[in-house]
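The structure is given below, and queries will be raised subsequently.
Chain IDs A, B, C and D follow the sequence of writing; residue 1 opens each chain.
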Amino acid sequence: MEKEEIKLNPAITRELGLKLLYQMILIRRFEEKSAELYTKEKIRGFLHLYIGEEAVAVGTMHSLTDEDNILSTYREHGHALARGLDPGSIMAEMYGKQEGCSMGRGGSMHLFDASKRFFGGNAIVGGHLPMAVGMALASKKQGLNNITSCFFGEGAIAEGEFHESMNLAALWGVPVLFLCENNLYGMGTALRFSHSVQDLEKKGAAYGVESAKTNGMDVLEVKNAVEKAIAYIKSTGKPYFLVCNTYRFRAHSMFDAQLYREKTEVDEWKKRDPILTFSNQLLQNELISRDDIDTIENKVSAEIQKAVDFAEAGTFEPVEDLKKFVYSP
Amino acid sequence: MIEFTMPSLGADMEDGTLVEWRVKSGDFVKRGDIIADVDTQKGLIEIEVFDEGTINELIVKEGEKVPVGTVMAIIIPVGEKVSAKKKSRIKKEPIKEMVKEGSIKVDDRLKVSPLAKKIAEEKGIDLSAIKGSGPEGSIIKKDIDLAAAKKAESHVEVTGGKKEIAAKGLRTAIASAMSKSNREIPHFYLETRIDMTKALNWLREWNKERELKDRLLAVVLLIKATAKAIKEVPSVNAFWENGLQLKNAINIGFAVSLRKGGVVIPAIPEADKKSLNQLMDLLNDLIPRARALQLRSSELSESTITISNIGEGSTDKVFGVIYPPQVAILGFGNIVEEAWAEDGKLSARPVVHVTLAADHRAIDGYLGSRFLMALKRNLQKPEAL
Amino acid sequence: MKDEEIKATILKLLQEIAPDIDPEELGMDDNIREVFGIDSFDFLQLIIGIDKEFGITTPEADYGKITTLRSLIAYVKATK
Amino acid sequence: MTDKTTLKITYREALKQGMHEALITNDKVFLMGEDVGRYGGAFAVSKGFLEEFGEDRIMDVPLSESGFVGAGIGAALAGMRPIVEVMTVNFSLLALDQIINNAATLLHMSGGQINVPVVIRMNSGIGNQLAAQHSHSWEPFYAHIPGLKIVSAGTHEDARGMLLTALESPDPVVIFEYTSLLNMESEIPSSSGAVDIDKAKIRREGKDLSIITYGPGVYKALAAAEILASSGIDVEIIDLRVLNPIDNETIINSVAKTHKVLIVEEAWRSVSISSEIISRIMENAFFSLDAPVERLCGIEVPIPYPKHLEDASIPQKQDIVDSALKMIQND
C-alpha cells in the first residue's frame, strides 16, 4: 500500500482533506462507541454499524446541498453524522431519551431531522425508494431545483419496489439519486446468491436510467462520482443510479456470528480501509501531518464523550405521553 | 481496575459460553482487540475489549457458560485512573398484561338485563319474585315496570311492613357486628362508682331557673364529662384497623334502645365542643328520629366511642360489647341511692355505676382506669362542664 | 275537668311518646315508667305534654309524686 | 337563508363534484391513479379531468401500487397534496407496507417532525358478481391502524364532501367509496360542500332500536326503517361515517335512549367493525342495555360468483327488517 504513489488531483486542498478525514474518523469512533454501549445494555434493539463504508456517506453528503432531501436505511449513523445531525442527539436517540433527534421514539434505525431534510432511516428494505421518487416528483411539480438522494444496500435491489421506483422515476423524469451501497452481503446472503446479474449498475439500463459504479472505499472517488451524478440530474432533471462498491468490516448487526463469510476476506478488505488509505494519500502529498491526525482523533473523542454525556443526562418521556405523535394535535 | 464482563449482543441474549481466551494474564490489550471467543445461540462470536491495560486475572474458565454481565476478567488500566463506571442496567418494566382471559362458563344465575337490574335496585324490587319475559326468559325493563306498578297499588298494606323489614334488617346488622366484636376483640372490663350528688344538685338548680323546654337531663352531664375525660386520655377515642389509629374528632355514639328491641347508635359529632344546651338540642333531634328509624346512614357511622345507657330503667350496671372498629364502650347504669362511706361517715348518696369495656390490643388497664378517674373528677365539678 | 278526661289526655300523651304501647295494660296504681319502659327522656316529653295540655310546669322535685296514673290525675286536679 | 333547492345526482357524480372542487381550489392538489386520466377513471369518476387539468395534475400511473402509493406519500412529505386513487381496495393490499409502515408511522417515528398529508381513495365492497378477489370489504383492517383516519362515504352527501375536508388534514386519510352505490340517484342540497370527518351522524331519529351501520348499510337501513315504521316500530339509524377514531358519544347517547342495538355491516363477522362497536357499548353503556347487542355481518366465505350466493353473503334490507322485528317483538 505504502509504495504506490497516488497523485491527487490538485483540487484537493488541505482544508478539504482535513474535513473529509475528520468526518470519516468521527463516524468510525462513533460506531465503535455505539458497539461498546450496546454490550453495556445502554443501547437496545437492533444496531447496524457503518464501519468500513465511511467513504460513501462522507463522499456523497459533501456534494449535496442543504435543500436536498435524504432518505436512508437502518445502517444510517454514517449518513446522519455526515449530513450534520448532532452526535449527541443521535446518541440520545439510541438511549431512547426524549432529547434524541426523534424524541426517543425511533431509535438507531429511525433517525429524523426535518431541519436537515433527513427523512429518516427506513427499516423495511427498499421501503423508502417509492417515497424518494415521490419527493422528487413534488420538487419537479413545484419547480424546485433540489434533488432527493436515497441510500440503500444491494439487498434492496431484489425488492419489487426497486423495479417500480426506477421505472416511475425514469417514466416521470424526476430528480432522484438512487445510491446503492453494495457491501456484498444482504445480511447473511452474499451477492452471488441473490442476484442473477451481479454488476448491479447494469440494471439501470433496463429502465433507461443513467447508471455508474465507483470504488466505495475511496472518499475522493465517491465524491467525484456523486458530483458527476448530481450534475447529470441537475442538467437533465432525470434520475441517476450510482453503485458504490464497498464493504462492512463488522457483522450485519450486533448479534451475528458471521457464518456467511471468511475472516480472510474481511482482513483483505481491511487493507483498503477508507480512513487509512485516505490519510496516507494526504500524508504522502504533504497536505497534512501526523499531528493533524492526532488533533483530529482528540477532537473526535471529545465530541463523542460530549455526545455520551448528553445521552446519559437525557430523560425518559413520561409514560402519560405515550399516545403522542399518532395524529397531529 | 476494570472489570471485563460478558457483553450483551442482543436483547434476547441471556448468556454466553466462553470457548477460548485469546489473551493470558500479563498481556497488554488495547481498545478494539479481540480477547475471547464466545459461543451464543447465533454461533461463535469474537468479543472485543473497549479498554486499554494489562490483563490482571482471567476469572471465567474456558467452556464455562455465564449470564450476560458476569465479570470475566480484570484489567489494570494504563497509567491514568479510569473510573470503573457503574453499569446501570435499564430496569425492564414488565409489559402490563392488558388481556383479561374471558372464560366461557355456563351461567345458571338469574338472567336480568343490565338496565332491568339497575332499575330494580333503584326501586328496591326483589328480582327473585319476578318471571322474565325477555330473551332466554331474562327479566327486562318491562317486567320491572310491571312489578313496580303492582307494588305502588298495594302501597297501603306494605308500609306497615316497612318497619318490620327495617327492624329485621337492624337485627341482622347488630348480630353480625356483635359476633365480629367477640371473635376479634380481646375485651377487658373496668368498673367504678361515681357520686352524683354535686352533679344532680347543680342540675336541679340549673333547671329551676329555666323553662320547661330548656331543662337538661342528667345524661347530658354524663356525655360532656365523658368528652372532657377523653381529652385527658385520648387513646380510648380510636379505631383498631391493623394498628391503633387515634381519632382527633370526639364523636360519641349514644345508644338509643328501641322498645321492640334493637339499639340504634347515632353519633354526637365533636361532643367536646358542644355546650350542655347544644347537647340537649341534639338529643331532642336524634332520639325521636332514631326511634322512628329515620336516621341517615352518615349519622350512624361516625362514632369514635360509644356510651351505653340502658334507659335508666332497670339494671344498675351494664357491661358493653365494643362496636368495631372502635376500641372502647362506656356503660352508665342507673343512678340509684346507695350507701356511701366517706371520712368514716356513712350516708345515702345518688350513685352511678360506670363500666369501661376496652380492646386490650389498643388500651391497657392503666390507661382505662386513668380515664375513669378523669370522668369521676369531671362529674364532681358540674359547673365546669 | 273530670277524672276521665284527664286520664284520656294523659294516655293520649303516653301514646304519642311511645306509639307501640297498649294503654289497657296500665293499671291505675302501676308505675308508668316501669310498665311502659319510659326513660328520663320520654318522661321529660310527658312533662312537656302535661304543661301543653293542662298549663302545669311540674318542677323536678314533684317527679316523685306522679309515678302512677292515679297520683298523676290527682296531681293535675290539685295543681290546675 | 341557505339555498333550499336540491340536486338530484348520482353517487358517482357527487364524488366527481367533490374532486373537481378540490382540484380548482388548491393547485397543490393533484390526482394520481391507475387509468384516472386517459381512461377517465375505472368508474368514470374523473372523466374529463385530464382534458381540463392536464397531465401534470391528472397522472395515470403504471400498475405499481406499492410504487405509486409510496410516491404519493413521498410527494405529500415534500409539500404537495396528492389524491392517490387505488382503483379498488382489493389492489391496496400490495401497497399496505407503504400505507402502514410509512404513511401511518412517520409522524410518530420522527417524534412529531414529519407530517404525511396524503388522501388515499379506494373503491370498495361487493356487487356485480366480481367474485372473491374483487369484492373485499377491508374497512375493519384499515380501521385497526393508529395513525390513519378511516372514513366511509355511505351517502351522496359524504361522497360530495368528505374529500374536501380530508385534504385539509395534516395526517393521512383513507376514504372508502362503494361500487354498489355509484349509479344510485339521491337528492342533496345544491349548496352542499365540505362535511366534517370526525363525527357519526344520526340519519333517522327513533326511540325503539338503534341501528348502527356504515357504507352501503346506510341506505339499506333507511329503507328497512320505512317498512318498520309502518308496523309502528321507530328505529334510530346511526351512520358511523368515521371508522377510526370512532365517535363513541353518538353511539352511547343512542343506546341510552333505545336500550337495544342492531349493527349492520358487509365485512366478515369475525374481528370486524361490529366487534369493536359491541366492545365499546359493553364498556361504556352496559347498564343501558335491555337486551344483548345483535349484528348482521358478512358471511365468512370468500365472496361467491353466482348472484344468489353473492346476495346471500351480506345483510340485505329484508334481513334488517326481520332482525329488528324479532328484537322488538321479543320485548
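Assorted remarks:
Simple rule for what comes next: contacts are C-beta pairs under 8 Å (C-beta built on N, C-alpha and C of every residue); 3 or more make two chains touch, one makes a residue touch a chain.
This structure is a prediction, so every number in the text was calculated from the model and none was measured.
Sorting all chain pairs by how many C-beta pairs they have in contact places A-D at the top.
Taking each chain's centre as the mean of its C-alpha atoms, the one that lies farthest from the centre of chain B is A. Among the chains, the centre nearest to the mean of all shown protein C-alpha atoms is found for D. Centroids of chain A and chain D (each the mean of its C-alpha atoms) stand 42 Å apart.
Distance between chain centres (mean CA atoms), chain A to chain C: 108 Å. Once the centre of each chain is set as its mean CA position, chain C and chain D turn out to be 86 Å apart.
Chain B and chain C have CA centres that are 47 Å apart. Residue numbers of chain C whose C-beta contacts span two or more other chains: none are found.
Annotation for chain A: no residues touch two or more other chains. Judged by the touch criterion defined above, the protein chains form a pattern that is neither an open path, a ring nor a star, and not fully connected either. Touching chain pairs in this entry, ordered by label, are A-B, A-D, B-C, B-D. By the touch criterion stated above, chain B contacts chain C in their complex at residues 204, 207-208, 211-213, 215, 217-219, 259-260, 283, 287, 311-313.
Contacts from chain D toward chain B in the complex involve residues 259, 286-292, 330-331.
By the touch criterion given at the top, residues 18, 20-21, 33-34, 37-41, 44, 47-48, 51, 57, 59-61 of chain C touch chain B in their complex.
Chain D contributes residues 30, 56, 59, 61-62, 64, 66-80, 82, 97-98, 101-102, 106-115, 146-147, 149, 169-171 to its touches with chain A in the complex.
Across the complex, chain A meets chain B through its residues 32, 35-36, 38-42, 44-45, 251, 254-257, 259.
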